[in-house]
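For reference, chains read A, B and C in written order, and residue numbers begin at 1 within each chain.
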Amino acid sequence: KSKTSKKYCGLTEFVGTAIGDTIGLVIANVDYTLHEFMKLDKKYRSIGIVGGRTGAGPQIMAADEAVKATNTEIITIELPRDTKGGAGHGSLIMFGAEDVSDARRAVEVTLKELDRTFGDVYGNEAGHLEFQYTARASYACEKAFGAPIGKSFGLIVGAPAAIGVLIADVAVKAANVDIISYSSPAQGSSFSNEVTLAVSGDSGAVRQSVIAAREVGIKILATLGEEPKTDTTPYI
Amino acid sequence: KSKTSKKYCGLTEFVGTAIGDTIGLVIANVDYTLHEFMKLDKKYRSIGIVGGRTGAGPQIMAADEAVKATNTEIITIELPRDTKGGAGHGSLIMFGAEDVSDARRAVEVTLKELDRTFGDVYGNEAGHLEFQYTARASYACEKAFGAPIGKSFGLIVGAPAAIGVLIADVAVKAANVDIISYSSPAQGSSFSNEVTLAVSGDSGAVRQSVIAAREVGIKILATLGEEPKTDTTPYI
Amino acid sequence: KSKTSKKYCGLTEFVGTAIGDTIGLVIANVDYTLHEFMKLDKKYRSIGIVGGRTGAGPQIMAADEAVKATNTEIITIELPRDTKGGAGHGSLIMFGAEDVSDARRAVEVTLKELDRTFGDVYGNEAGHLEFQYTARASYACEKAFGAPIGKSFGLIVGAPAAIGVLIADVAVKAANVDIISYSSPAQGSSFSNEVTLAVSGDSGAVRQSVIAAREVGIKILATLGEEPKTDTTPYI
């Protein structure tokens, strides 16, 4: 739905754009007073910023790869209620770095990963499903979902939320995984119409759990509209 | 706007779909660990799930009939900020039952009632109005609005919220009713652009109150766009 | 996007409509019991109501002029998560007055000011920017943003929120202004996909700060879509 724009604007702060109306920016030296108001860790004056209208999971998973690959930290993850009239979230993620080149690199990696991490987002006119999997969670998954660092991690999202309840149940019954968090419209989400389940455990089990939920989710969401489709390519 | 889909998907958990992108599902035996994370009453392992993108009042009123007609309890009602770009809520309602056939029956009744309970929802390009009335409120109305069980109950909703303020005032002046709750964008709603008034009292008075608000609401909303229309048939 | 409707409806409570699906209403004598539930100051039985689907800043700035020009008080400002699928807020603003003619006058002034205060709202398919400036803030700016009364005041908003972060930094670096408030999707906003910066200070500095942010904001938002456009006429 959202196209990647390849426009440039001549500002050094601009890094790039990607799917989901996602934009990547850097600030080499955040104004001192603003820094206080933003309640950021004082350690980092250079920040990388990634934010999109559509998608929180994809941006978080992409940022997770970025923190693994760069000398940065995830300093904040906020989830607006967005998706441009859809049922889910948008995102605002900030990386802290001592050097602006590190912040820029983290933003670049995040933008580049997004085509992949949008791969198992399936939508139709009535709602969406999202599935994510990583063999080794890092600091973005920890910050957003409390995922244990270095362990296999999976994410199961269904919207409207009723579908999320069902596929959460399917996911935990399909394999021996540990539930890390469960969020619903009024508990742990920004009033999005989603249920989100985060699971951890053995790599094979997490993958099996996510795949089982995906199979059921696609069948169920299809009863409300057309066959749910991804805009990119499934990766799980 | 939202069409009822009559698709089936071969899963025993699927019950059906209805107006408002509403889906009905059952889980015979919710996974034990997930049950804990969902913070549900341990008494019920079987749950019925009804959730929609558009509408909270209609689904709650329909669920109210379902609890009257079945051996179930309302265990949770959550209101996402939704309506697919509209001004209001979506919904996630769960029934608890000792037997899955009871849960299924409750979901079936809810889906079937929805055409009626969407009857006094009127919309145009600028907003919507919703009116509900029951001679005898049950547990869904109690859970969602604090309605006294067994008493007559009415609901008055206007969006944008400014319209809701006006018709709430019209409603309470039109007849001798008791205000149960008043909610506005930042107080008691999920940041929806609505004002919602819930009233109780003598059956004739409640009906009169709701009808007076409806008359004014339709005139006022029409100043922002086309004549507000229902997608089904008025029942009040 | 939103057209001004010039319809009338024959109700004395109706004042008018304006851009942003904004409606203006008055109630001469709010029902006593409802007044309690609305948690309004008991001093005012007459209220003026202004509410829109799209825009909070424009309505607040317009209301700010209205309180200067009339014998009214701002009694409540609430920000729903709205903009009809866009990234921002709608609004619900109430004026209290001892006389209904004062309330009506305040609503009239607000509606009339809206074309101007929407002047520096720039949007495209991906997001929006908003800039406001007044040489002398009054009670609406104080209520909504904590602006010091009588001092110059500026507002800088960017959506998606990532853009708001960048232009907030640009604004405070461009001139010697004081930050009054900074809000982001999960802190101080209604989960909108915006960052909002409110600044105060010397009149020339505030203006310079807002203009610098506007210049950068328009360039940056253009990378996600078409050239951002205003629906009315810039005033800053």
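The working rule: contacts are C-beta pairs under 8 Å (C-beta built on N, C-alpha and C of every residue); 3 or more make two chains touch, one makes a residue touch a chain.
It should be emphasised that the depicted structure is a prediction, and the values quoted were computed from it without experimental measurement.
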item: Self-contact between copies subunit A and subunit B, residue sets same or different by half; value: different
item: Between subunit A and its twin subunit C, rotation from the CA superposition, multiple of 5 degrees; value: 120
item: Rounded Å distance, subunit A centre to subunit B centre (Cα mean); value: 31
item: Contacts with 2+ other chains: residues of subunit C; value: 81, 84-85, 191
item: For the subunit B and subunit C complex, residues of the former touching the latter; value: 81, 84-87, 126-127, 160-163, 165-166, 168-169, 172-173, 179, 181-182, 184-187, 189, 191-195, 197, 216, 219-220, 222-225
item: Residues on subunit B engaged by subunit A in the complex (per definition of touch); value: 2, 5, 7-11, 13-14, 17, 21-25, 27, 30-31, 33-34, 37-39, 47, 49-53, 78-82, 84-85, 90, 92, 94, 190-191
